[in-house]
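Going in written order, the chains are labelled A, B, C and D, and every chain counts its residues from 1.
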Amino acid sequence: MIASARMISTPRAPWRDKLRVVIFEADTPAGKAFDVALLWAIALSVAAVMLESVSSIELDYGSELRAAEWIFTGLFSLEYVARLVCAPHPTRYARSLFGLVDLMAVIPTYLSLLVPGSQSLLVIRTLRLIRIFRVFKLAHFLGEIEILSHALRASRAKLIVFVSSIIILVTILGSTMYLLEGEEAGFSSIPRSIYWAIVTMTTVGYGDITPQTISGQMLAAIVMIIGYAIIAVPTGIVTAEIIESARARPNTTRVCMECMSEGHGASARYCRDCGAGLENPNS
Amino acid sequence: MIASARMISTPRAPWRDKLRVVIFEADTPAGKAFDVALLWAIALSVAAVMLESVSSIELDYGSELRAAEWIFTGLFSLEYVARLVCAPHPTRYARSLFGLVDLMAVIPTYLSLLVPGSQSLLVIRTLRLIRIFRVFKLAHFLGEIEILSHALRASRAKLIVFVSSIIILVTILGSTMYLLEGEEAGFSSIPRSIYWAIVTMTTVGYGDITPQTISGQMLAAIVMIIGYAIIAVPTGIVTAEIIESARARPNTTRVCMECMSEGHGASARYCRDCGAGLENPNS
Amino acid sequence: MIASARMISTPRAPWRDKLRVVIFEADTPAGKAFDVALLWAIALSVAAVMLESVSSIELDYGSELRAAEWIFTGLFSLEYVARLVCAPHPTRYARSLFGLVDLMAVIPTYLSLLVPGSQSLLVIRTLRLIRIFRVFKLAHFLGEIEILSHALRASRAKLIVFVSSIIILVTILGSTMYLLEGEEAGFSSIPRSIYWAIVTMTTVGYGDITPQTISGQMLAAIVMIIGYAIIAVPTGIVTAEIIESARARPNTTRVCMECMSEGHGASARYCRDCGAGLENPNS
Amino acid sequence: MIASARMISTPRAPWRDKLRVVIFEADTPAGKAFDVALLWAIALSVAAVMLESVSSIELDYGSELRAAEWIFTGLFSLEYVARLVCAPHPTRYARSLFGLVDLMAVIPTYLSLLVPGSQSLLVIRTLRLIRIFRVFKLAHFLGEIEILSHALRASRAKLIVFVSSIIILVTILGSTMYLLEGEEAGFSSIPRSIYWAIVTMTTVGYGDITPQTISGQMLAAIVMIIGYAIIAVPTGIVTAEIIESARARPNTTRVCMECMSEGHGASARYCRDCGAGLENPNS
């Protein structure tokens, strides 16, 4: 109803709808081909950005890389205009997250004409990679992404509590280490000691700052064992949620024929919402 | 009954009760605003302590940071007195864990007048961070904290067994390494070799002490693979408990009054075993 | 039927069938002995390759190691020919994965006569180790391998999504780090900074490239905490699948013929729902 | 019956039985006190061994530490003789694992009279720590130890498959790295490169050997991501087993009153072994 109302109010050209299906959807052969081409263009343009940052390659192939950059920028600009033209609500698209990301993929190159030689523009260009998530709709990964993101969302509150506790813990442990090690060996301030505590508790362990005193090494050993043991906590949180999410899914295959409610357990014999008998899934 | 008895025995001023609700509780708008202000004061005062420990910042902004410190100390002293005044049992509050933490948040600054220039007082001030846990009651994290702390409490005995085994293992492996590497390369005593074994088995791997002999590197490889494989044990312990805690919660609360079957989901309205109506848990 | 048809069309010598049972199967004593001997030959020949790469050992025992290499190559060549002779479909075997691996175990040594002194041939010889998987059929590990590989296959799509997200994340974080740290301290190009981000996020933490600026260390701390927390995601994915695989196995196989209830344990003799006798799964 | 037969054949002195209860059991107050004293003696004697290995402490307190060592050796010798005397089967005890460990706790000190100054004897003395496991029977940790060791035993076959695959993987990856990095930067032989691969894949990351070439760093990044992702496998294995072990336990509380078989599920209504009705656990 809503769609037909829009069709009437703004009689759109049919080529726009065709373009929209190609660009925004992935169910047709043309839509799939477009997404694959986009994936390659994004990957190649980011590879070019990376190579440009290597000074030896920049010296030898700088002009070729800049040419490639302008070609990709041209293609992405065309794509952005096409998306604006064929989107049902152009302003809504332009303000959406993906709309801004699409715009940010082309802006830095144009800006480099005005502000030449800026390194930060080079880095902003790598944000184009985010656009790859747009292409994931192509594959059959949607269900998997949903389970994972649902599990992460469901365990968000627990993870915030965990990360807050870690931050308070590393602050106190780092400060104590600053006291024990004095000014020696890189523990020159509390922020640096907290940086050391994070490096140690997350088991990264660069070794750029290491304790030298006996008491410092004893505290460091305690920090390591704490870090080694409590990694179990986020793991347990997320694992429990993924098991829960995965288990919740098979339930949705059983539907009550009376009230059409979903999600009945595999062993249920009566609908938990209306009390009607459920059909046996195996008969 | 107990509360009314107390009300009669000590007729308290009504402003005290109002203050108590603001300071100790978080359900009213004023209580929430107080907790948010306290959160910011704690965070800013600890940030000031950190900056004071950086010698270059201390040189330039030392007087400003000391002024900020006295302002925060004044605020926290006022808060401590207010808590003492409006607490139903002032001495019980003063002796409680949070009472001592609240006191410790202001003592070091006053002490620094008597014992000038002490670095340890600087570090004790970061313990103020523990007070942030007091503010967590503000948010809807209480249920999450309960599940996590219940899971950790339930798996405490298993974790103690695990950590004891790790300590015995690193002692024996560290001593063997001391034997294999001789006096070379930092393995100069058994405690240092045990420190190395902890650094290695927890997969931190600073690299400040590394084996140089062939036999030492072979033992190190075994230590690493052991450490990599047995991280699974605490993870498994905590995960099993979190799954158990999360599963125990919704299930045990609801029982069908007709057939006495248990384990009905939180949203179920009819018994899945006999089809009788379930009582609403929230009414 | 198919087997007998083949037997008729190509009347095979009986010693071929006997040889085939010894070489390709592990149920007879001779087959087991062959597999154990093969396991030792593979292990010893790879040990010889390793020792040959150590220059001090190569100087002293070079000729002995080369002699051992020719003996092992001779044995493996004989084995390859024997497999070709007694395989029911020689060309199909020669084109199979294990057929190619078996061939690759002998080719490098013969090639070294034509292309002397090539180091890459030394390394290709270590690929012989893959042949050890062939011997695993000997042990009772088949069921375990099946559960593990089934769990990994089932979680493949989720792991691809996870690894893709990690790659996009380290690219963006590494590029930002390149911007923050400038040209200092090893962050000399975007690819090197991405290499640093991978070293840090996977909690390996070599310490060959470490941030020196305050802002760089702050970003590094965030990268570490992200890496420490999201290790929970693959762990949760695989754990959920292993639990699912292990649970799926015993349950789905047994059904009560009287009340059609499912999920009886492997050792149950009577239905737990109606009390009727269960059929024996092994008779 | 067997016990009484032994009592008749060898009429034992009653003090022997009393001593046996004190030394071998922990249910009486005297038995508990003995175990606590033993725990302290083991801990202190191992601490003395550690301090003796620190050269600066050995110089100052060498004679005191040696005196303490002889006191502890005397106590442990007395204990060993007492165990031999009061054990029901002295030779069986002497040959058991704990009997050998008890003997090894005193032998090195006596040997040091014959072979003076041997460092290896110092290290063997730390094996006394294993005796601490003997004291664990004191606490209520037995159930926890049983769950953990059952979970590890049950997942042994899967862990062997996993560790074998890791060893084959690091051998092949390490050899490839030896090829890529040439002789530079510590990758001087295949065994050293395999050592590097283990350091990297287990996420220890010392940084004593790091790749310098672009191709080497790319392979290293792949090794890290593999190591970061497959840690999920042992974790999943052990977690699944712990969940299984913990779930199996509550089942054992239900016993069939007809055939006395244990381990019936919480929802079972009939015995799965003899078909008799089970009593309702909640009525």
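The criterion applied here is as follows: a residue touches a chain if its C-beta (ideal position, glycine included) is under 8 Å from a C-beta of that chain, and two chains touch if they have at least 3 such contacts.
Worth saying up front: this structure is predicted, and the values here are computed from it rather than measured.
K.L.:
Could you tell me which chains make contact with chain C and chain D both?
P.N.:
In this structure, the chains that contact chain D and also chain C are A, B.
K.L.:
If I list every residue number at the interface of chain A and chain C, are over half of them used by both copies, so same, or under half, so different?
P.N.:
Result for this pair: different.
K.L.:
Taking each chain's centre as the mean of its C-alpha atoms, give the chain farthest from chain C.
P.N.:
Chain centre farthest from chain C's centre: B.
K.L.:
Mind checking the centre-to-centre distance between chain A and chain C? Centres are C-alpha means, answer in whole Å.
P.N.:
Spacing between the chain centres: roughly 30 Å.
K.L.:
For chain A and chain D, what's the span in angstrom between their mean Cα positions?
P.N.:
42
K.L.:
Find the geometric centre of each of chain B and chain C from their Cα atoms only, then give the gap between the two centres in Å, rounded to an integer.
P.N.:
Here the centre of chain C sits 42 Å away from the centre of chain B.
K.L.:
Can you list every residue of chain B that touches 2 or more other chains, as numbers and ranges?
P.N.:
162, 191, 194, 203-207, 227, 231, 235, 237, 239-240, 243
K.L.:
Which positions of chain B touch chain C when the two form their complex?
P.N.:
Interface residues on the chain B side: 203-207, 235, 239.
K.L.:
Applying the document's contact rule, which stretches of chain D touch chain B when the two form their complex?
P.N.:
Checking each residue of chain D against chain B gives 46, 49-50, 53-55, 119-120, 122-123, 126-127, 129-130, 132-133, 136, 140-141, 144-145, 147-148, 151-152, 159, 162-163, 166, 191-192, 194-195, 198-199, 201-208, 231, 234-235, 237-243, 246, 282.
K.L.:
Which of the residues in chain B come into contact with chain D in the complex?
P.N.:
For chain B paired with chain D, touching residues are 157-158, 160-162, 164, 168, 171-172, 175-176, 178-179, 188-191, 194, 200, 203-207, 210, 214, 217, 220-221, 224-225, 227-229, 231-233, 235-237, 239-240, 243-244, 260, 262.
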